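Chain IDs A, B and C follow the sequence of writing; residue 1 opens each chain.
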Amino acid sequence: MEHSSDRYYIPHGSPWPIVGSVALLFLMAGFAATLNGSGIGKISMLIGAGILLFMLFGWFGIVIKESVDGIYNQQVDRSFRMGMAWFIASEVMFFAAFFGALFYARQLALPWLGGDGNNFFTNFLLWPGFENAWPSNGPAEIGGEYKAMGPWGLPALNTAILLSSGVTITIAHHAVKAGNRKMLVAFLGLTWILGLLFVGLQATEYMHAYHDIEHGGLSLRLSSGIYGSTFFMLTGFHGLHVTLGAIMLIVIWFRTLKGHFSPENHFGFEAVAWYWHFVDVVWLGLFIFVYWL
Amino acid sequence: MRERFRRIFQGAVYGPLFFLLGVSTAYADWELNMTRGVTPISHDTFDLHMIIFWVCVAIAVVVFGVIIYSLYAFRLSRGAQPDIAMVHSTKAEIIWTLIPIGILVAMAIPAAETLIKIEDTRAPDVTIKVTSYQWKWHYEYLGDANDPFVKSNFGFFSNISPESNRARQLGSGIDVFQVDNYLRDVDKSVVVPVNRKVRLLLTSNDVLHAWWVPELGGKRDTIPGFVNEMWFLAEEIGVYRGQCAELCGRDHGFMPIVVEVQSEADFAKWVGENGGAVGGGPAETPDVVEGTVAAAATGGGAGSAEPVDMELSFDDLMARGETAYLTNCSACHQLNGQGLAPAFPALAGGVITTGALDAHLDQVLNGKAGTAMAPFSYLSNTDIAAIVTYERNAWGNSTGDIIQPSDVQAAR
Amino acid sequence: MSHTADAHHDHHAAPSGFKRWLFATNHKDIGTMYLVFALVMFFVGGTMAMIIRAELFQPGLQFVDPGFFNQMTTMHALMMIFGGVMPAFVGLANWMVPLMVGAPDMALPRMNNWSFWLLPVAFSLLLSTLFFAGGAPAGGWTMYPPLVLQTGNAFPFLIFSVHLMGMSSIMGAINIVVTIMNMRAPGMGLLKMPLFVWTWLITAYLLILAMPVLAGAVTMLLTDEYFGTSFFNAGGGGDPLMFQHVFWFFGHPEVYIMILPAFGIVSQIIPTFARKPLFGYESMVYATASIAFLSFIVWAHHMFTVGMPLSGQLFFMFSTMLIAVPTGVKVFNWMATMWRGSMTFETPMLFAVAFVFLFSIGGFSGLMLGITPADFQYHDTYFVVAHFHYVLVPGAIFGIMGGVYFWMPKWTGHMYNEKLAKIHFWLSAIFVNVTFFPQHFVGLAGMPRRIPDYATQFADFNMVSSIGAFVFGVSQLLFVYIIWSCVRGGEKATTAVWEGSHGLEWTVPSPAPHHTFEVAPEVP
C-alpha cells in the first residue's frame, strides 16, 4: 500500500488550487469590469463562476475520495479541524468589522452629528436641528423616508427557526457519534430544511423592506443611510453565510445517505456543524443589536 | 549648482553630528529640527519633543554602547570563549522592564498635561471657520455684534499664489529657487491679531485635508460633515507659512496656508477693509449663524466692489481670464485645457465650452452636483466673465464670444 | 542525522516541468515560489520608489504629473507590504517551519498552493490598473475615503485585489498555525520551538484576526461607492473616520506582522554567530505575545490629528508608549546574547546586528510619534516616513535578507559568495541611512509626506536622500546576482552549514532533499 495511514498524507501535487485562482481571476476582474460599466464583465464573471464550481466539485471530490479511502490518519483529521476552527475565527473577525461599524455609528458618529462631546459646532454649523436617534438615516436623510424593521414578527420567528436548527444539528451530531444512521439522516435533513426556511423568510422580509411605504412596505433599502447600510450589510452577509451553510448541509446530507461518516471519522460533518453553530451565534448578535436594541 | 552640492555635503556630514550634539541650541536652524514656534502650545510641544528625543538618545547610548563594546570584545578572533551558561537572569529582566516603564511614566505626565491644554478651545477672542476644498482654503470670520474685532461674518478663498502655481507646472522652465516662498505663498492670507486666542472651526467640502502651520503648533484634519476645533495664540507678529497635511488628491502638495499675525490695530483695520466693504462667502455658508450675519455675507464675491456695468476689451478679458483660470480651474482642467481623462473633462473643444453660453455660465456658477466641479459663484462677475471668455477663445476654441460682467450678473 | 531516505517513497521525487510549480504541494517548492515572487515585487515596488525619489531629487516638477506621483506612492506601499515583505515571510515560514519543528510538510499542502497562487492573481489585477485611462489608485495605501472613492475605474480592482491578498494571507496563516500546533515532532514542546517558529505562530494569529477586518473595511468602501451605503458619509449618519478606525485596527497589527518574523530570524541568527544560546528565551516568547496583544489596542495613534475625544487620545498615547517595554525586552535580550559570546561576522550576522541598531532607531522615532502633542507636529510629515522606513527597510527587509543569507546554503546546497555578500551588506547598510536619516530632518522642518514637489528650504536633504536611494537600489542588483550564482553553484555547504548551528533544520543534508522528516525525527 502506498499510503499507510500511519503516515501524514501529503498529496503529490494538485491542479485544483490553480484552477481556483484562474476562476477568481475571471470572477473578480469580471465583477470589477461590470462595476465600471463594461459589458464583457458579466461574461467574465459567468466564466469565473463556472470554473469556480468546477474547482469546488473537483477539489472536494478528491478530498472526499481520499477521506473515504481511509488515507487520512488521526493527525490529518486534526489538521482539518484546526484549519476549520481558525477559518471560522477569521469569519468572526469579518463580521466584527461590520458590528464595529454599527456600534461606532450608533455610539459615536450619530451622537457627534447631534452635537455630543466636542462636536457642538458639527451640529450647530453643519447639521442644525439634527438630533441623535436610532434608527437613523443621518442628518441629510439619505434615502428618504423609511420605517425601521421591528424584531417581533419574522425576525423573532427566524430566531426560533435558527435556534431549533442548532438543536437539530446537535442531535444529528450525537447520532453520528452513536452510529445511529436513521436519526442522523432525519435530523440532518431537518436542519437543512430549517436553514432553507430561514433563507426564504429572510427573502420575504427583504422584499417587504424594499417595498415603498405607500405599498405597505418599509421603503428600507441599502441606501437608507447608516441604518439601511448596517442593517442590510450585516443581515445580508449573514444570509449569504446561511445559504452557504445550508448548501454544505445538503452536501453532507447526501454524503450521509452514501454512508460516508462513521462514529470515529466524520470531520466533514463536524466542520459543517461548527459552521452552522457559528452562523447561529452571529444571528443571535444580529437579533439583539440590529433588530431589537 | 556646485555651491549647492557643497552645502549638501556639509549638511550630510555636520547634520547628524549637529543634531546629536547640539540641537537644543540649534533650533533656530530651521532645516534640522522642529520649529519652536510662536505659541505657548508650540513651545510646550517643542519641549516635549526635545525631552523625548534626549531620552531616546540616552537609551541609545547605553544600549548601543553595550552592543558596540560586545562587538569589539567578544569576538572569536580575539579568542573570546562563549559563556554558554548565561541563558537567563530574572533580576536583569525585571530591571530592564521596570526602568523603561519608569521612563515612560515620567514622559506620559507632561505629555498628558500639554494635551489637555491643547484640547481646551474655550473662550476664544476670534473664531474662524476654515473649509477645505480640493485644492484651496476658504476662511470665514465668524462675527458677532458684541465682538471687539469682528462684528459680522466675512470670508474669502485662499489659493496658491499665481507665481508659485505657474512655476510648479510640469516642465514650466521656471527656476523655482527664484520664486519667492515657492509653494508657500497664497493670493490672500489669513490675518489674526497678536496675543489673542484664535479658534479655528475646521471642516471640509470634499475630502480630508489638514490645516497645519508649524509655528502655530500642531495640525488638525478637516473632515466633511464634521467640525473639528483647534486654537492658537501667536505671541509674535509675523508671517507664518504652512500647508495642507493630509493627502487630498492630485494637488495636495499645492495648498499652502499663510497666516499673518498683526497688531490689534492693524488687524482691526484689515477687518474693516475686508469685512465691511468687500465681503463674500460661499453659497453654502451656514444659515444658523444668520442672526449674526450682516450684509457682508450676501455680496457677490471677493471682487464685487467692482462695478457691474464695467465694459472690458477682449484682450483685457483674455489676459485676466488666463490668470483667473490658472488660479481657479487649471488644477483640474489643466493649463492647456485638456483636462485629465477620465476624471476631469477637456475644455479645449468641449461641448459646453464651445456650445451655448448659458450652459457654460451655469456650469461655472453652479457647478455640477455630485462631481468635483464645485460652484464658483463666489468669484467676482469680472473674474467669471474673464474666465468664460478665455475658455471660449483659448486652446483653439474660437467662438469669438465676449462676455461682460453684466452678463454674469444676469445669469446669477 | 535523523533523515532517512526511504526507498519506499521514491515516487515522491520532485515532479518536473511546469506542473512542479503550478500544482505544487511541497512546502519547499511553494516556499521558493513565495520568495521569488516577493523578490520580483520588491523590485517592482522599488522601481516605483526610484520614480518617487527621482521626482523629489529637486524642487519643481521634473518628470511626472502629480497625479501619477500619488499613484506611485500608493502602489509602492502596496507592492512592498503585500507583495514584498509579507510573501517573503510566508516563503521563509514555508521553507523553515516544517524543518524546524520536524514536520514532513505543511499541514494543508493543497491550500498552501492556493494561498500562493492567489497572489499573482491579486497583483495582476492591481498592476493592470497602471495601464487604465484614469491610472492606478492614488489615494495612499491607507485608502482613506472620501478621497479613495474618487479613484475611477481602478477602484474595484483595488478592492478586489485587497480581498484576494487577504484570502491568501489568511489561508497562509491558518496553514502555519496548524502546522505548528499539529505537526511538531514528538518531543518538540511549545517552549522548545525555535523563536522563528514562535514569532511566526503569533504573527499567524495576528493575521487571522486582522486581515478579515481589512476585508470588511474595503467591502464597505465598495458598497459606499457602488451600492449606495453611507458608512463613511456623514450625511447618512456615517463617518469618514470610521474607515480609519477599522483600517488601523487592521493596520497596526499589520505593522507587527511585518516585524515579528524578522524578530524571529534575528533571534535565530544572533545565537548562532555568538555561539551561545539565546538569552531569556521565555521572556522573548512572552514579549512577542505582549506586543501582539498590545498591537490591537493602539491603533488610533495613526489618527491623533483627526479630532478624537481627549480621553481617546490619552488612552491611545499611553497604550502606544507601553509597546516600547516588551520591544525593549527583546532588544536587551539580543544585547545580552551577544554579551560574553564568541562572535564572528558572516553576512547573516552583519544583517542581524544592523537590524538591532537600525530597528531601534526606528522604534525610538516610533515612540516619539506616540507622544500625542508632539505627533500633532510630526504627523503626515517625512518624520513619519523616516520612522516607518527605518523599521521596514533596515527592519523587515534586513531581517529577510539576513534570513536568506542564513538559510540559502541549506536551500541550495552551496555557500553564497561571502565577499560579494559583505559588499552588498555594507552598501545597503550605509545607503539605507543616507536615504532615510535626512528624512527625519526635512520632516521636523515641516515637509509633509505624499507631495511631489516641495518648498526650496527642503531641497538639500531631499537630494541627499535621493542619492542614497539610488545607490541603495542599485546595490540590490548585487543581492539578486549573489542569489543567482549561489543557486547555480559554489562551494558545497555542509549539513550544519554554520559552526554555531543548532536545531533540527541543520540536521538535514544541504540542499535539503525534496522530502524531509517523513519519519518524525528525534528531537535533540
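To be clear about the criterion, contacts are C-beta pairs under 8 Å (C-beta built on N, C-alpha and C of every residue); 3 or more make two chains touch, one makes a residue touch a chain.
Here the structure is a predicted model, which means the values were calculated and not measured.
With B-C and A-C as the two chain pairs, more C-beta contacts join B-C. Relative to the centroid of every protein C-alpha atom shown, the closest chain centre, again from C-alpha atoms, is found for C.
Chain A and chain B have Cα centroids lying 46 Å from one another. Chain geometry summary: the mean Cα position of chain A and that of chain C are 31 Å apart. In chain C, the residues that touch at least two other chains are 153, 233-235, 239, 307, 310. Residue numbers of chain A whose C-beta contacts span two or more other chains: 112-113, 118, 126-127. Chain contacts: chain B has residues 119, 225-226, 229 touching two or more partner chains.
For chain C in complex with chain A, the residues that touch the partner chain are 11-12, 15, 19-20, 22-26, 103-105, 107-111, 113-114, 117-118, 120-121, 124-125, 153, 155-157, 159-161, 163-164, 170, 173-175, 177-178, 181-183, 208-213, 215-217, 219-220, 223, 226-231, 233-239, 242, 245-246, 249, 307, 309-310, 515, 518. Residues of chain B touching chain C in their complex: 4, 7-8, 11-12, 15-16, 19, 30-35, 41-42, 44-45, 48-49, 52-53, 56, 59-60, 63-64, 66-67, 70-71, 74-77, 80-84, 86-89, 92-93, 96-97, 100-101, 104, 107-108, 111-112, 114-116, 118-119, 167-172, 174-177, 181-184, 206-208, 210, 212, 214, 217-221, 223-226, 228-229, 242-254, 340-343, 372. Contact residues of chain B toward chain A in the complex are 119, 121, 129, 201, 203, 225-227, 229, 286-289. Residues 112-113, 118-119, 121-122, 124-128 of chain A are the ones that touch chain B when the two sit in their complex. Residue ranges on chain A touching chain C, taken from their complex, read 2, 7-8, 10-18, 20-22, 24-25, 28-29, 31-32, 35-36, 59, 75, 78-80, 82-83, 86-87, 89-98, 100-101, 104-105, 108-110, 112-113, 117-118, 126-127, 136-140, 142-143, 221-223, 225-230, 232-233.
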